[in-house]
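One chain, subunit A, appears in both complexes that follow, with subunit B as partner in the first and subunit C in the second.
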Partner chain A sequence: MAARGSSFLSQRRLASIGRYLLLGFFLLFVLAPIYWMFNTSIKPSSDYLAIPPVWFPDEPTLVHYEAALFTYRGLQGIINSLIVSLSATALSALLGTLMAYSLARFNTGGQHLSFWVLSQRFLPPVGIVLPVFLIYRNLGIHDTHFGLIMAYTVFTLPVSVWMMFAYFRQMPKSMEEAALVDGWTRWQAFWRVAVPLAAPAIVAAAVFAFIACWTEFFFALVLTGRTAFTLPTVFRSFIGFQGAQYGEAAALAIVSLGPSIVLGVLAQKHLVRGLTLGAVRG
Partner chain B sequence: MAEVNIQRLEKHYGAFHAVRGIDLEIPDGEFTVLVGPSGCGKSTLLRTIAGLEEASGGSISINGKVVNDDRPRDRDVAMVFQDYALYPHMTVANNIGFGLKARKMPKAEIEKRVGEAAQMLGIVPLLERFPRQLSGGQRQRVAIGRAIVRNPSIFLFDEPLSNLDAQLRDEMRGEIKRLHQDIATTMIYVTHDQIEAMTLADRIVLMRDGLIEQQGAPLDLFERPATTFVAGFLGSPKMSFLPGRLGARDGQVGVAVGEHFMPLPQGRAPDTVKGEKSVLLGLRPEHISRAQGEAPTPGSVRYDALIDLVQPTGSRSYATFRLGREPVVAELQAHDVSRAGQKLALDINMNRASIFDAETGRAI
Partner chain C sequence: MAEVFRITPMEAAGAPPRLSSLAAWSERHFKWLLVAPAVLLILALSIYPLVFSLVVSFINYDFQVPGHDFVGLRNFERVIADPVARRSLVITAFLSGTSVIIEFGLGLLVALAMVKSFRGRGLVMSILIVPLFISPVIVGQAWTLMLQRPFGPTNYVLSQILGQEVTISWLTQAPWLYISLILADVWQWTPFMFVILLAGLTAIPNNLYEAAELDGVGAWDAFRWITLPHLMPMILLALTFRLLDAIRMFDTIFIMTGGGPGTQTYTATYYLYTIGFAQFNLSQATAGSWLFLIFTALVVILLVRRLLKVEPV
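Let's look at the complex of A and B:
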């Protein structure tokens, strides 16, 4: 008995050691590149490709941050990116919520409109970039925040609509109906009952939209120039004829992680619920 | 206070015809129960009265005014939903007061009314909780409170008890009936449960496939069902239907079930019988009792039954036997019957038997 008991115990211990090893390995896998990026951002240029590698610089420096943010106008890129991404995200969430609600509750557009919305994502963006560029130039909105906000709103809408559509559709109608009978209009029932209940999906869709805008490169490259350029386009300047500016690239990359981390922490609670599409609604 | 008048009401869902021309008058203050099997259109009818569904044809009037085009909020109705439909993001107090807020009532007045309703339903200690922190029965009370507080002219209930366990259901059923006795407001109540219908209703409206099969006082429907459908729907255990032939034998009108001739008492038999007619003889369990004395009481038929199934319930036992080929259930005193295989003389009270045309299913 005793022998069996202890072998059982040690089996459990083995299993838990195995689990921690696996988790540790995974953590290393995720964090190592970030560490290396950080490490590179504070290294003197001479240490970038040194052999053996420099795990932590003897004399950490902030020159790359200064160069990336000011010489290469990274700070302006961040400000532009924040303006464009936040505006497009807000618009996409607002319009997406209205549209998803309409599709889910009133079956707007019959069987096919909802799928047509999603199908807009099947088109490779490269396919339309030239016409959009020409239209923007003619309208005089090339290289403006407004132009990029419009483009990003349109690009993020299909996925936003679909995430929220799925959520609204599985949400019981009866709470909104109770509000209607209770004396509210449809519009009031939407804002006071449906929207608060769909908050997890709205937050999840907004996070996705924000990340998509924050990291978008191609359209930003074509539709902006010296004024409305966004953060991702700044990285282009780090690869030049004199070789790559590793330190500056790493420094700006570290800075650009900031909003994603803040967002992730803020939205974590909602995000999980939104992504499981209400399966765990309490 | 309100009376409801429904004329030739129709509801289509695409190609599906859910309500197929219903005429219904509901007097002020009456407790009307819409009952019928699942899918017969009860909820659709109720929701059309509430204004949550648009009528495809016909009219609905409340107090003489056609409301077809009125929004739900303009009809002065309150509704209790099957899933309670409480607002999950609001406290119980705000749930109950939400409808008053919509009508721009002053805050202090809302608080006072919510307090009164909560008092009445015994949920005062729950007022600051959220719906997810309540049990099923408590949620039910909140849902009722939300309706009461509005003091509407019509209450609508859509299967409000079907998510509760049996004991709680009985308790809440009593409370709803008491509520109606106290406030005497028009109530329309949907259920598929015939016991709920019988116990609550001033009037039962029994529906089938989008039409009204029969309506009337509960006991009228129970004792004088117009069709086999009504007869089979109301009552538990169900009425037994025996195929037989209605005709005269030795100058007496009766029903022959197999070789067994069961004479009908005067008054119960149709006046004229021409030849023979295929019928269904409907017997309820409580129309059959253990034989007492030498001869059956007037109007009864004695039958020597071979019991083949006994189901005791405590006070009563349900005994199944065969009459001709068909199984018949009798409701007997618990100690009158002990086991399957027992031989027992039974009296069948033909005064209360129902007779239906075998082809149309309509009562004769």
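Let's look at the complex of A and C:
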């Protein structure tokens, strides 16, 4: 009995050591590339090829940041990304909330409509982006903020709709019904009762839409050019130059990490719902 | 506040104010007006382009060839006959399949390690989810910086650990370039698996384990007979969502290998992008993207529909 107890204990201890080792290694794995990128961004070019590698530069410098933001038009990319991402996020949250409310409260279009919206999420972007490119060229809205905002709104709608759909379905109707009994119109019950109650969920859905737009590359690559280019597309400029642009690429990466990581970590309570389009409650 | 919106006696008496016919109409069609903007936008920017691309794939729309003649299935035949296209589909299946399996295994292990609370768990959690909020382009850039010879520290660290000189060309030489691409994908998306599986693990009632421990059931058997069955819906959901995203793999390849050397790391999306926007064979590209779309749609219909119906919300 005693022997069994002690072996059980050591098995537990072993399991717990294994657990911390695993988490430790995985943390290292996650942090290493981010640290190396930060390290590269403040490292003078003369340290690039040193052996052993320079783990922290003796003379940190900000020259790469300056070059990335101004010489490589990173700042313009940030401005464009902000314009496009914020507009598309606002539109997506608005249209998504409207549609989700109708789907959740009136079962509009039955299951077909809701699954039709969901299926948009799983369309391969390459199938959409080629014809959209041709259509945009014909309409003269290729390489404009407007064009990309519209594309991003559609691209984020399934997530907005389904996150809000899941939320409205589990939100009690009683308040809205009371408002209707009180003589309010359905529109008033929606805008003045349901929307304020759902505000936290709308904000969460908007955060994930923003992150999706901020980090998107493929649509921006095809649908923009020298004018409306977004931040991720600036990284094209650093390809193919052996070595010389490492610092600039790293600096721009570090700058663009900020907004999406801060928002993402702040909204992590809603992360599971965001990743599964509301299918799983975190 | 409520007073303002109450129906006035005049309205109730049937003397409607101006605009009330519009108001009544919008009230009657309330549920359709709510869905209309989103549906119209999806029709305009997703369904119409798809139809348009189907048209383009049956004519020659290529920039070098004049005229828009109907060419029947020739564009489809050209894609199917192209060995690079077929190879890119194999590469897509290989890269996405391998990445998703590794992400699942690693994600499950990390989720199991994170279930019980410990000091600093919140902080660890916040760090582990960071890759999810980073643009895949930057992930590709970060791993390029890590692996690129002679700049990256990876070969140096490996040399120190193994005690012998390591000189691997991670981004230009098979099989290392596939490993590098999988590494970047695993880095970014293991947190996806881990977050969903952790939510699933947390939802399993603890008393099941307590009962099992009283019955003298070992840790492995508890995992096999309690954890796995309860986690299964979540596992299927995570695998499906991840797989459907993984088969689009493009951004990291664009940055890390540029599809090369040659066409060795062409995925389906990269291949279609190249023939569409580098060679301007737009008709062939749209034909190919329709084939890829049908391929994806089959997976969606088979997996997603069934899954989300089963899923207990």
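Criterion: the second predicted complex is superposed on the first by the 223 of 282 C-alpha atoms of A that agree within 3 Å, B and C clash if a C-alpha of one lies under 4 Å from a C-alpha of the other, contacts with A are read in each partner's own complex, and residues count from 1 in each chain.
In this text, a residue touches a chain if its C-beta (ideal position, glycine included) is under 8 Å from a C-beta of that chain, and two chains touch if they have at least 3 such contacts.
In this text the structure is predicted, and so the values were computed from the model without any measurement.
With both structures placed on the common chain, the touch criterion links A:S174 to subunit B but leaves subunit C unconnected.
By the touch criterion defined above, A:L118 reaches subunit C but does not reach subunit B.
Within the superposed three-chain model, A:S45 lies out of touch with both subunit B and subunit C [touch as defined at top]. Within the superposed three-chain model, A:P196 lies in touch with subunit B and out of touch with subunit C [touch as defined at top]. Looking at the shared chain after the overlay, A:D182 reaches both subunit B and subunit C.
A count of residues in subunit A touched by subunit B and by subunit C gives the higher number to C. In the superposition on chain A, A:T61 contacts neither subunit B nor subunit C. Looking at subunit A, you'll find residues 179, 182-185, 188, 282 touch subunit B in one structure and subunit C in the other. The touching residues of subunit A, counted against subunit B in their complex, run 172, 174-175, 177-185, 188, 193, 196-197, 282.
Contacts from subunit B toward subunit A in the complex involve residues 50-52, 71-73, 77-79, 81-83, 85-89, 98-99, 102-103, 132, 146, 150.
Residues 2, 5-7, 23, 26-27, 30-32, 34-35, 37-39, 41-42, 45-46, 48-50, 52-53, 56, 61, 106, 109-110, 113-114, 124-139, 141-143, 145-146, 150-153, 156, 187, 190-192, 195-196, 199-200, 219, 234, 237, 241, 244, 247-248, 250-251, 254-255, 258, 268-269, 272-273, 276-277, 282, 285-286, 289-290, 292-293, 296-297, 300, 304-305, 308, 311, 313 of subunit C are the ones that touch subunit A when the two sit in their complex. Remark: subunit A residues 11, 15, 19, 22-23, 26-27, 29-34, 36-37, 40, 48-49, 51-53, 95-96, 98-99, 101-103, 105-106, 108-109, 113, 115, 117-120, 122-128, 130-135, 150-151, 153-154, 157, 161, 166, 169, 179, 182-188, 190, 192, 211, 214-218, 221-222, 231-232, 235, 238-240, 243, 246, 249-250, 253, 256-257, 260-261, 263-265, 268, 271-272, 275-276, 279-282 touch subunit C in the complex.
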